[in-house]
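Heads up, there are several structures right after this.
Each of the next two complexes has chain A plus one more chain, namely chain B in the first and chain C in the second.
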Partner chain A sequence: MIETSVLVIGGGATGMGTLRDLCMRGIPAILLEQGGLAHGTSSRFHGLLHSGGRYAVSDNESARECIEENRIVRRIARQCVEETEGFFVLMPQDDPDYAEKWIPACAKAGIAIDEIDPAEARRLEPDLAPDARRVFRIPDSCVDGFRLVRHNAMSARRHGGRVFEYHEVTAIRHEGGRVCGATARDKITGETMEIACQCIVNAAGSWSGRVAALAGLDVSVSPDRGTLIVFNHRFTSRVVNRLHPSSDGDIFVPHGSITILGTTSTPASCPDDIEPQPDEVLHLLEIGEPLFPRLREYRILRAFAGTRPLYTPGNAQGRKASRGFHAVDHAGEGLEGMFSIFGGKFTTYRLMAERVTDLVCTHLGVTEPCRTAAEPMVPDPAPDVLEQAARYFPMPDLSLMADRLGDDLPDVLGRARARKENKSTNPLLCECEMVSFAEVEHIARDAGTHSLTDIRLRTRLGMGTCQGTWCALRTLGALADHDIALKKNPPEEIRDFLQERWHGLRPALWGAQAREMAFTRAVYAGSLNIDGALHEQEN
Partner chain B sequence: MNRKTDVIVIGTGLTGLTAALAASRFGASVRLIATGAGALSISNGCIDLLGYVNGTLVEAPFAVMENLPANHPYRLIGREAVGQAMDFLQVELKGACPLNGAADDEGRAVNTLLPTVAGTLKPSWLFPDELDPRPLFSAKKVLVAGIKGLRDCSPALVAAGLGRQSCLRGVDFQKTTLPDPFDGVHRAVSPLDIARFVSTDKGLGWLLTSLGRWAGKTDVILLPPVCGCAAGGTVIKHLRSELRCHVEEMLSVPPGVGGLRLRDALRQALHEAQIDVIENAPCVSAEIFDGRCDSVTTAGPGGQMRHAAGTFIVATGGILGGGVTVTPDEARESIFGLPVAMPKDILARSGEKIFDAHPLSRMGVGVDASLRALDAKGDVFCDNVFFAGRTLGGYDDTAEKSGNGVAVATGWTAARAACGFCHTGVSS
Partner chain C sequence: MIGPAYERFRLLGLHEDETLQYCANCKNCDISCPHNVPVSAINMMARAEQCRKKAPCLRDWIVAHGETMAKWLTPLPAALKNFGMDNPLTRKVLDKIGIAEKSPLPLFAPRTFRSLVRRLHQPANAKKVAFFPGCYTNIYNPMTGIDLVRVLNRAGYAVEVPDGFVCCGLPLISNGFLDEASANAEKNMAVIARYRKEGVPVIATCPSCRLMFIQDLREFFPEIVERYGEPDVGDAMRFILDLVETNGIDLPPTREGNIPHHFIYHAPCHLRAQGQGLPSPELLRMLPGVTVDNADAGCCGISGSYGFKSEKYAISQKIGEELFKTIRENAAETVVTECGTCRQQIRHGTGKDCLHPVSVLRRILDRG
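Let's turn to the complex of A and B:
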């Protein structure tokens, strides 16, 4: 039995932000996540830190929240954000009157925009459509959702929070109209965990309807599928939006060496409905093509989908449903100590966490103010630490790694230094994302790591242009050399690792993607006979 | 260029090289046109004939060929042609790159299993001396050697994987990591870098010294493919005699040291046969009149060039090699634009699991028994154009482990058909 004051359900940005906020206000809290951290929508979106421009006309209040939170997140999560700025581009087929509504709406929301000559825009982004009519600069940024969640967790842990991954809540207990605890199942071991608590925050995103049902509550959350495409090139250095009312496939977001195009919007049958479909991929290409006319020539790395947790009282659907959020105290429905945070956007995750934490504080009689907007989540490493590390770590890898690792940096640097001192190598296992063995070892020795896929999620290993073709074997080899075992045997690990990627390639299996896939099969099946090894295991 | 050639071969993978050499031996004047390096550069240089049928391991490929689907290349050309092609390759490479096969206790030719750097075994048919696995299966002590700095070969992974194989039960696997031949200077070392080094006296000295303490103390040493760049097994024979044990290379990931050795040996044979080779010349169009192909046009660094010939062999590869191009709507053979049958529904082109039998992995140009493309009605598309290798449909090289086997068998068969056509005006 674990005792705590507040149980947060959901390890996405909002839940983790809530855990951090609670802990920073001195409230004992734990968080349960059914998968790995950010396994839901927080890692399944375009990674845009909205300036608010997209919502300026349709929902000016949301737009204002976006720009305010955009500034805060850039400050407290420097390591998770690339400040690329963005363009809003008016194309010949777009309504020029919309721009006239949009300009004052941005001013009203407090979003600084700056119109530039389309020729200047083309100079800055040479692949942009030559027929763009008007171009506006705007403070959009790119954010690594997965890393942001992890860094929130690090900060929460530093303030006493505890996080349990792969734990699914199976029951919520209450007595006399008050929440008193919950039961969870460890999905890896199958063991049951009992939690005693005074409050529960349901921050389960698309799954929050299911969690509410465990407490006997009926809430209106509809999962809405959004499909996106990842391209193998960074063909734009800026976020590029179409200047027209929000639509599918009109935002391009660069991340590292890739670009993401999204997003479709279709009502989903359930929150796990995340298999991207070929028609969605083709639809995105068609809609994205006006902004980047050479779009179809770029190699697609994969397609992926997530579900937005749209809060839909009164049955609004798709883009008509509000992108705003709602913090709810369920005392009004007869259950004290139960809170939910519904809807919203990744960009405003911190504000959502603050609002629901405020409700919890009122309930518990805590008067500490929220400090999450003031304190960076992960402190910058001391300059002398980096300077020393540069002696045994190549610089470009080091800065990427330092940003990625946050609190885990000292341990990884310690491992790298020890390897240098005893004259062993620290091989670069993933050349696309610059992941060295020391980092993989640190993650792999963590009790929460079970598979190559877990390592991928925490290091970005295999997320780059080769999509795991080179690093899968190499990483298993390095782990074997150091007696670190994963849950399954190597052929199965390779299969599972490549399988993740296969899901994302199947709906886009043509052109260069089909060729790349043929290459991966030639290596792993043709040369290494991984498929045959799996057959023989079964027999 | 107007000098007319009997046979033009397009493609420089194992298929194209075999076809060119065979056509020359059949008496034709031959020109080979190549775009890139060919898929041998990512191959291990063994000839996989047929390792699996529907996921079941094959012991004797020729015995099960008749059970393959009717449109499989081996069924189309017949078992006899496959055997003749294998014999042809072995005879041609006898001096420069001898290829051997395994036999069972009764002397019957069978597949053998080659160890890989993933700790798996792969069925194969013919292998160069460097890959000869036969002593492995009677060894008591086996040393798996990795090399410091070479990331793609982990002795622990190999030893653990091979240790799980039933045919190697009871073998005592030992592991060692040889010192970094480049002293930490290079960050991304491939087996090819080391093989190039080992081709020098200094490099060979490094390898012998590094392995010296194991001399006579183990039955087999397994190495990544680093034993020199040249075909013919000179380095490996030297190692075996100096180290007083069997030394053998494992199959590895690209770059394909073994495939490059084989390619060099074949290119040398082409050179000696005075076959014209034109490199960096992507074929951009074909000129067809009255059901006959007159010429193909290449766009090389020197501009466009027309190549006229009596017959053409297309060995441009499949999806990977660029011989088949796939769009969301259709698939086509890349030079002649022949339609390639493919499910309309994009998700129906592949299975849900990566190693499933994907329709996409089996597709290619449909041909008759003399390897001429057939149109939708079943009529021959062009009398004098023959297709070979991965451009063909009806087989999945990666799942079957039949890639190089089909390459040699159909390359040779296409050459025979093309030369028959040259001499008589009809294909055999």
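Let's turn to the complex of A and C:
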């Protein structure tokens, strides 16, 4: 039995932000997540740290929240954000009057915009449509969702918080109208864990309806599915939006070396309805094409989908449903100590966490103010530390690695140095994301790492252009050489890993990517006899 | 890490990888890429970007500007220039600025090809062909050009060497001077376009110059190619081979008592990168008594100016090792290859004599 004051359910941005906030206010708290961190929508989204421009006309209040949180997140999570800026582009087929409504709406929300000559825009982004009518610069940025969640967790841990991954909450217990605990199942071992607590925060995103139901409550959340496509290159270095009322497939977001186009919006049957479909991909291409006329020539790496936790009282649907968020104290429905936070956007996760933590504090009588907007999540390494470490690593620039590692950085630097001193090498296992053996070793030896997919999520290994063709094989080889075991044996690990990649590849498997896939299959069939080996074992 | 893999990180604003300086622009990566990714062009553009930020050193300027240097030195007699360049003292000084003391620098010819060809009396043939000589032939090895002119005269052609042609720009690009290369491209393309209009073919004996026209220009300066049209510069040896095959030129007959000739042929990287076969050994093998072995042993390591540079000399020799060994172990006394600096390097690495295939052809044709 684990005892704590507050149990947070859901390891997405909202839940982890809440854990951090609670811990920073000195409240003992733990978080349970049914998968790995950011298993849900917080890693299956567009990665746009909204400036608010998209909501300026339709929901000015949301737009204001966005720009304020955008500024805060850029400050406290520098390592997770790429400050690219964005463009809003009016195309010949768009209604020019919309721009006239949009400009004052941005001013009202406090979003700084700056109109530039379309020719200048083309100079900055040469692949942009030559027939763009008007172009506005706006402080959109890109955010790495997975990393932001992990860095929140690092900060929460530093303030005493505890996180359990692969633990699914299966029951919520209450006595006399008060929450008193929950039961969770360890999905790796199958064991049951009991938690005693005074409060529960339901931050289960699209699943929050289900979690509320465990306590006999009802919250109006409907999962709404959105599909995105990933291109293999950074063909734009800025976020590019269409200047028209929000619709499918009209935003391009660069992430490191790739670009993501999205997104669709259709009601989902359940929160796990995340299998992207070829017709969605084709639909997105069609809508994205006006902004980047050569779109169909670019290589599509994969497609993926996530489900939005839309707040839908009275059954509003899709883009008409509110994109605002809701923090609920269920005491009003007769259950004290139970809170839900849902709806909203990734961009406003911190504010959502603050609001629900305020409710919890009121309930517990804690008066400590929120400090999450002031304190950076992970410290920056001293500049000379990286410079000195450069000679232990096979890449010229350590900033990518340092940014993603956060609190894990010192250990990885230590491992790399030790390898050099022992005269062993520290090879680059993944070129696309610059991941060296030392980093993989650190993560593979972490108790929370069970699979190659866990390693992928923390390092981005396998997320680049090769989609695992080279790096997965190399990594398993290197781990085997060092007697570091994952949960499954290497052929099964590889199969699971490739199968997971394959899910995203399948809906957009044509052209250059189909050729790459055939090659990947040949590599794995030829080198490891993957299908055959497993087949023999099964018999 | 270089090439397209690093391009993604450049776009992200990460520091440049210093190994970029060690790309020889030999284009073997382009040859092996099954997707036709212009790997070497990506490297060269990145290097040019670096040079824009930080001016290249004097040494790089010198090796990139062979043509300009030769012009400056024109008034001096070759013997003096060569003495000036190739005495132990100068080599020590050059070594100080980064030109390896041991590297096989080419010697200036007594007269440039251009001045020789101006004086050469060509028969008043009706058919015309324009020749792009390239710097190596013009400055260091005019005989290649003269031999070509004579072979084509024999086939009923008058050879024009347009004054408007300047360096193709390859050494400029390899050393990061992209803007100057673009100015050169502009000049050359204007000349080529003029000949195209007249229906006169343009040919080159140097594979690197030709590659520059048929492939690199499109990658580096697409807008220039757009303006002037595809620079259809032909390979001189392919041109001659076509003439042979259409009976435009007669080869001596095979008969009892033909003197046997044995050559070993090296295919320059920039020829292989064109992906258009190996016309030279095919042509030479049609000559009576001639056997040609294909060395097929990779790059010679010189890559234009690369092997002259102090920090790269040893690497360059190592790259060439395989080829040198193959040539040394082969019974042929003479090596044949189209590229001037390859010949320089092979002589240096093997001690064997090296000729352009057109020179071999002319000798055998003249002998009859």
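Here, the second predicted complex is superposed on the first by the 531 of 539 C-alpha atoms of A that agree within 3 Å, B and C clash if a C-alpha of one lies under 4 Å from a C-alpha of the other, contacts with A are read in each partner's own complex, and residues count from 1 in each chain.
Criterion: a contact is a pair of C-beta atoms (placed from the backbone, for glycine too) under 8 Å apart; a residue touches a chain by one contact, two chains touch by 3 or more.
The structure displayed is predicted, hence computed values, not measured ones.
Enquirer: Now for A:Ile494: first (chain B), second (chain C), both, or neither, which partner does it touch?
Expert: first
Enquirer: In the overlay, answer first, second, both or neither for which of chain B and chain C A:Pro276 touches.
Expert: neither
Enquirer: Should A:Cys432 be classified as contacting the first partner (chain B), the second (chain C), both, or neither?
Expert: A:Cys432 contacts chain C only, not chain B.
Enquirer: On the A-aligned overlay, A:Gly12 touches which partner chain: chain B = first, chain C = second, or both, or neither?
Expert: The answer is neither, since A:Gly12 touches no partner chain.
Enquirer: Using the touch definition from the top, say if A:Ala514 reaches chain B (first), chain C (second), both or neither.
Expert: In the superposition, A:Ala514 touches chain B alone.
Enquirer: So in the superposed three-chain picture, is A:Leu528 touching just chain B, just chain C, both, or none of them (first/second/both/neither)?
Expert: A:Leu528: touches chain B, not chain C.
Enquirer: Which partner does A:Trp470 contact after superposing on A: first (chain B), second (chain C), both, neither?
Expert: first
Enquirer: Applying the document's definition of touch, where does A:Ala478 land relative to chain B and chain C: first, second, both, or neither?
Expert: After superposition on chain A, A:Ala478 lies in contact with chain B alone.
Enquirer: Quick check on my understanding: which residues of chain A belong to both its chain B contact set and its chain C contact set?
Expert: Common interface on chain A, chain B vs chain C: 428, 431, 515.
Enquirer: Please give the residue numbers of chain A that touch chain B in the complex, ascending.
Expert: So the residues of chain A in touch with chain B come to 277-278, 282, 394, 425, 427-429, 431, 470, 473-474, 476-478, 480-481, 483, 489-491, 494-495, 498-499, 501-502, 506-507, 509-511, 514-515, 518-523, 525-536.
Enquirer: Taking the touch rule as given, give the residues of chain C at its contact with chain A in the complex, in rising order.
Expert: Chain C reaches chain A through residues 1, 5, 8-9, 11-12, 14-18, 35.
Enquirer: Where on chain B is chain A touching in the complex?
Expert: Where chain B meets chain A, its residues are 39, 42-44, 51-52, 55-57, 116-123, 146, 148-149, 151-157, 160-161, 164, 177, 180, 184, 187-188, 251-254, 318-320, 322, 325-328, 345-347, 349-350, 352-355, 360-361, 397-399, 401, 403.
Enquirer: Sort out for me which residues of chain A touch chain C in the complex.
Expert: So the residues of chain A in touch with chain C come to 233-234, 237, 256-257, 395-397, 399-400, 428, 431-432, 434, 512, 515.
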